[in-house]
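Two complexes follow with chain A in common, the first pairing it with chain B and the second with chain C.
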Partner chain A sequence: MKINFPHRQFAHCESGVTANLLNYHGFPCSEAMAFGIGGGLFFAYVPFIKLNFLPLTTFRTGPGSIFAKATKRLGIEIKREKFSNPDVAEQRLDRLIAEGHPVGAQTGVFWLPFFPPAYRFHFNGHNLVVIGKEGNEYLISDPIFEEPVRCPVEDLRKARFAKGALAPKGKLYYIANMPQRFDLPQAVSAGIKEVCRGMLKTPVPLAGVRGIRLLARQLVKWPGKFDEKQTLLYLGHVIRMQEEIGTGGGGFRFIYAAFLQEAADVLENDKLLDLSKHCTEIGDLWRDFALLASRVCKGRAEIQDSFHDLSQLLLQCAAEEKILFGDLQRVISD
Partner chain B sequence: MQIQDEQIFARVLWDFTSASQSNGTDNQVKNNMKKEDVPQEFGLTAGCQEVNYAVDAEGRYTLEQSSGWEVKTIALQQAWDAIADQLYQVLAEIEAGKKSPLAYHMVKNQMDAALLSQYSGVSRWRVKRHLKPAIFNKLAADKLAPYAELFSVNVEQLRMVPKHPEQMLEETIPNRDK
Partner chain C sequence: MSSALEHELAELIIDFCNVEDVSAEEISPETPLIGPDSPFGLDSLDAVEVVVAVQKTYGVRIGGEQTSREVLQSLRTLAEFITREQNGG
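Moving on, here comes the complex of A and B:
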């Protein structure tokens, strides 16, 4: 059994899955558009929540929210299911595929054999689409990869029931019903407004622009607080969250800039093109940060001075993002 | 770590990055993410290409494949080096009689006692007891079965640890100096 599912490779798993599912159901959609409507862009630095003993740093909203919000804003009816029993979860998946539904699944990367070994950490927020089953293997459209991949039933079962932070609990999701008409401009505006709110008006100083400033203030203290090894591990972790985890580069800022270009067409507003350029420049700034940080990790730059420079770069990112999202909010509410 | 065969492309790319840093204003990327600037450097990706976002000549965003970016590779390698360090440490502790072989398999699978307990279904305080050599050595095979199943090894393999940590990644960075 194999569903004829057009696979497209993208940068990020959840927005890629969302775009591919929408596309399959007759709504042509880019990854950037899915990411933007789903309000995916964010920043948070939460030093007291640790992942693999390192502080939680994220450049996007929580797992599952891009798909949920993008479909909701487009008026699409979806179904989501979680399971406590792996056998039931597997039977349900098999039935859905047999009925011809491509099914989104949340999985733990550690157990997926088709991943490059160097990427196999305990990260449980990875999304993919199951598009068929042949013998003892599932056929999977994973947007991170160039082509559809195969995965033994046993491994997918482990991945769907991965444990620890963000445990997926066998989560499945699929599109149940598409509406007759879409209000795309409305959906795009709603997605932009959410991101502006998240970046500018968070009640806690850990998120949005204030979160970036918090990271800048804390990072500069790391060399005094930890030994060198720990300091560099903390720094390397920020680079990985920014560049590694399917961000399309610059902590999702380039995907978002691509979305703003498309949004300019949808909303027929050329001001968004200028804001897209600004967003690209901010992505470059983040890349400057990663470049310098990696030189520090490699021992090619002096620690004390570099941490000061890194902190300054982050403050610059924060300042520019405050301007960008302020402008964006004004353009959208006009 | 032994120095790998010199790979010219890595050297050239590195020279290029260093050069752009010495004559540019310190450490700036400043390229507005153009298509031709998407890094094509060594990545620990087992040959997979990943997608980056970049701007074409008309200023429109396109998707561009990338083989890797040295910056990311350094950060990723660092995470694996940290795991290798932990493996050395835990082997020393096992050698010194402070920890049981289970500790090695746990670290190798990037787990701590809490995560191992969740995966194996063995309660956390039992897992912690099983990490002690005196208790571990007396355990019957059926008590070790949940761990063996989880790590896809047999009970005998679970009772043994290698002399030196197994190499976790087959790929290594060209010209790696350490």
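Moving on, here comes the complex of A and C:
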């Protein structure tokens, strides 16, 4: 059994899965558009929540929210299921594929044998689409890869029931029903408004622009508070969350800039083109931060002097993002 | 056989990432740039430096839907990306 599913490669798994599923169901959609409608851009630094012993730092909204919100804003009916029993979870997946549904699944990267060993780390928020089954293998559209891949049944079972933070618990999701018509401008506006709210109007100082400032204030204290190994682990973690795990670089700011460019067309508003450029410039600023941080981690820059500069760069990112999202909010409300 | 651009990129990476005991002439354009099989010995943190070095030197941004993982597969894929971007994508 194999579903004729058009596979496309993208930078970010959940946005890519969303775009590919929408495309399959007759709604042509780029990765950037899926990310933007889904209100994917965010920032949060939560030092008291640790993932793999490192403070939670994220440049996007929570796992699953991009697919859920993008489909909701487009009026698409979806189904999501979680399981406690791996046998039941596998039977359900097989039944859905047999019925012709391409099925999204949350998995743990470590257990997916088609990932090169260097990329198989303990991250349980990886999304892919199961598009068929042949013998003892599932056929998979994983947007991180150039071509569809195969995965032994046993390995996918382990990946769907990986333990630890963000444990997937066999989570499956699929599109059950598409509407007759879509209100794309409305969906785009709603996605933008959510991101502006998240970045500017969060009630807690851990998220949005205030979260970036909090990280700037705390980061400068790390060399005095922790030993060198711990300090560099914390710093390396921030860069990895920003530049890896499918962000497209600059903590998703480049992907969001691409979305704003598309949004200018959808909403017939050229002001969004200028804001797209500003968003790209902010992505470059985040990259300047990552560059200095990686030089510190690699011992190519002095720790003591650099942490002050790193903190200043973060404050600059926060200041620019405050301007960008303020402007964006005004443009969308006009 | 490496092109002039591939050779230039090997020198840029050696310089930016302080790679020791390797010369640009020794690097095959097809070998992996990042990861355990990289003759440069580069990891994901080095990748950030390569991305920024390429942007500052050649004026092309690796980002967005053009993932650095794809572009930084080898000297060849990186050179092809730069050439393509400089010729207008």
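Basically, the second predicted complex is superposed on the first by the 334 of 334 C-alpha atoms of A that agree within 3 Å, B and C clash if a C-alpha of one lies under 4 Å from a C-alpha of the other, contacts with A are read in each partner's own complex, and residues count from 1 in each chain.
Operating definition for what follows: a contact is a pair of C-beta atoms (placed from the backbone, for glycine too) under 8 Å apart; a residue touches a chain by one contact, two chains touch by 3 or more.
Predicted model only: the values in this text are computed from it and were never measured.
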{"item": "Chain A as common anchor, with chain B and chain C clashing or fitting", "value": "clash"}
{"item": "Touching partner for A:52 - first (chain B), second (chain C), both, neither", "value": "first"}
{"item": "Touched partner set for A:294, first chain B, second chain C, both or neither", "value": "both"}
{"item": "First (chain B), second (chain C), both or neither touched by A:164", "value": "first"}
{"item": "Chain B versus chain C as contact partner of A:334, first or second or both or neither", "value": "neither"}
{"item": "Touched partner set for A:281, first chain B, second chain C, both or neither", "value": "first"}
{"item": "First (chain B), second (chain C), both or neither touched by A:268", "value": "neither"}
{"item": "Which partner, chain B or chain C, touches more chain A residues", "value": "B"}
{"item": "Contact residues of chain A, present in both the chain B and the chain C interface", "value": "9-11, 31-32, 116-118, 144, 146, 236, 239-240, 243-244, 246, 248-250, 254-255, 257-258, 280, 283-284, 287-288, 290-291, 293-295, 297-298"}
{"item": "Residue ranges of chain C touching chain A (in the complex, touch as defined)", "value": "17-18, 34-36, 44-49, 51-52, 55, 61-70"}
{"item": "Chain B residues touching chain A - in the complex, by the definition given at the top", "value": "17, 26-33, 44-46, 48-55, 60-61, 63, 69-72, 74-76, 78-80, 82, 110-111, 115, 118-119, 168-171"}
{"item": "Residues of chain A that touch chain B when the two form their complex", "value": "9-11, 31-32, 52, 110, 116-119, 121-122, 144-146, 163-164, 232-233, 236-237, 239-240, 243-244, 246, 248-250, 254-255, 257-258, 261, 276-277, 280-281, 283-284, 287-288, 290-295, 297-298, 309"}
{"item": "Chain C contact footprint on chain A (complex, rising order)", "value": "9-11, 30-32, 116-118, 144, 146, 236, 239-240, 243-244, 246, 248-250, 254-255, 257-258, 280, 283-284, 287-288, 290-291, 293-295, 297-298, 300"}
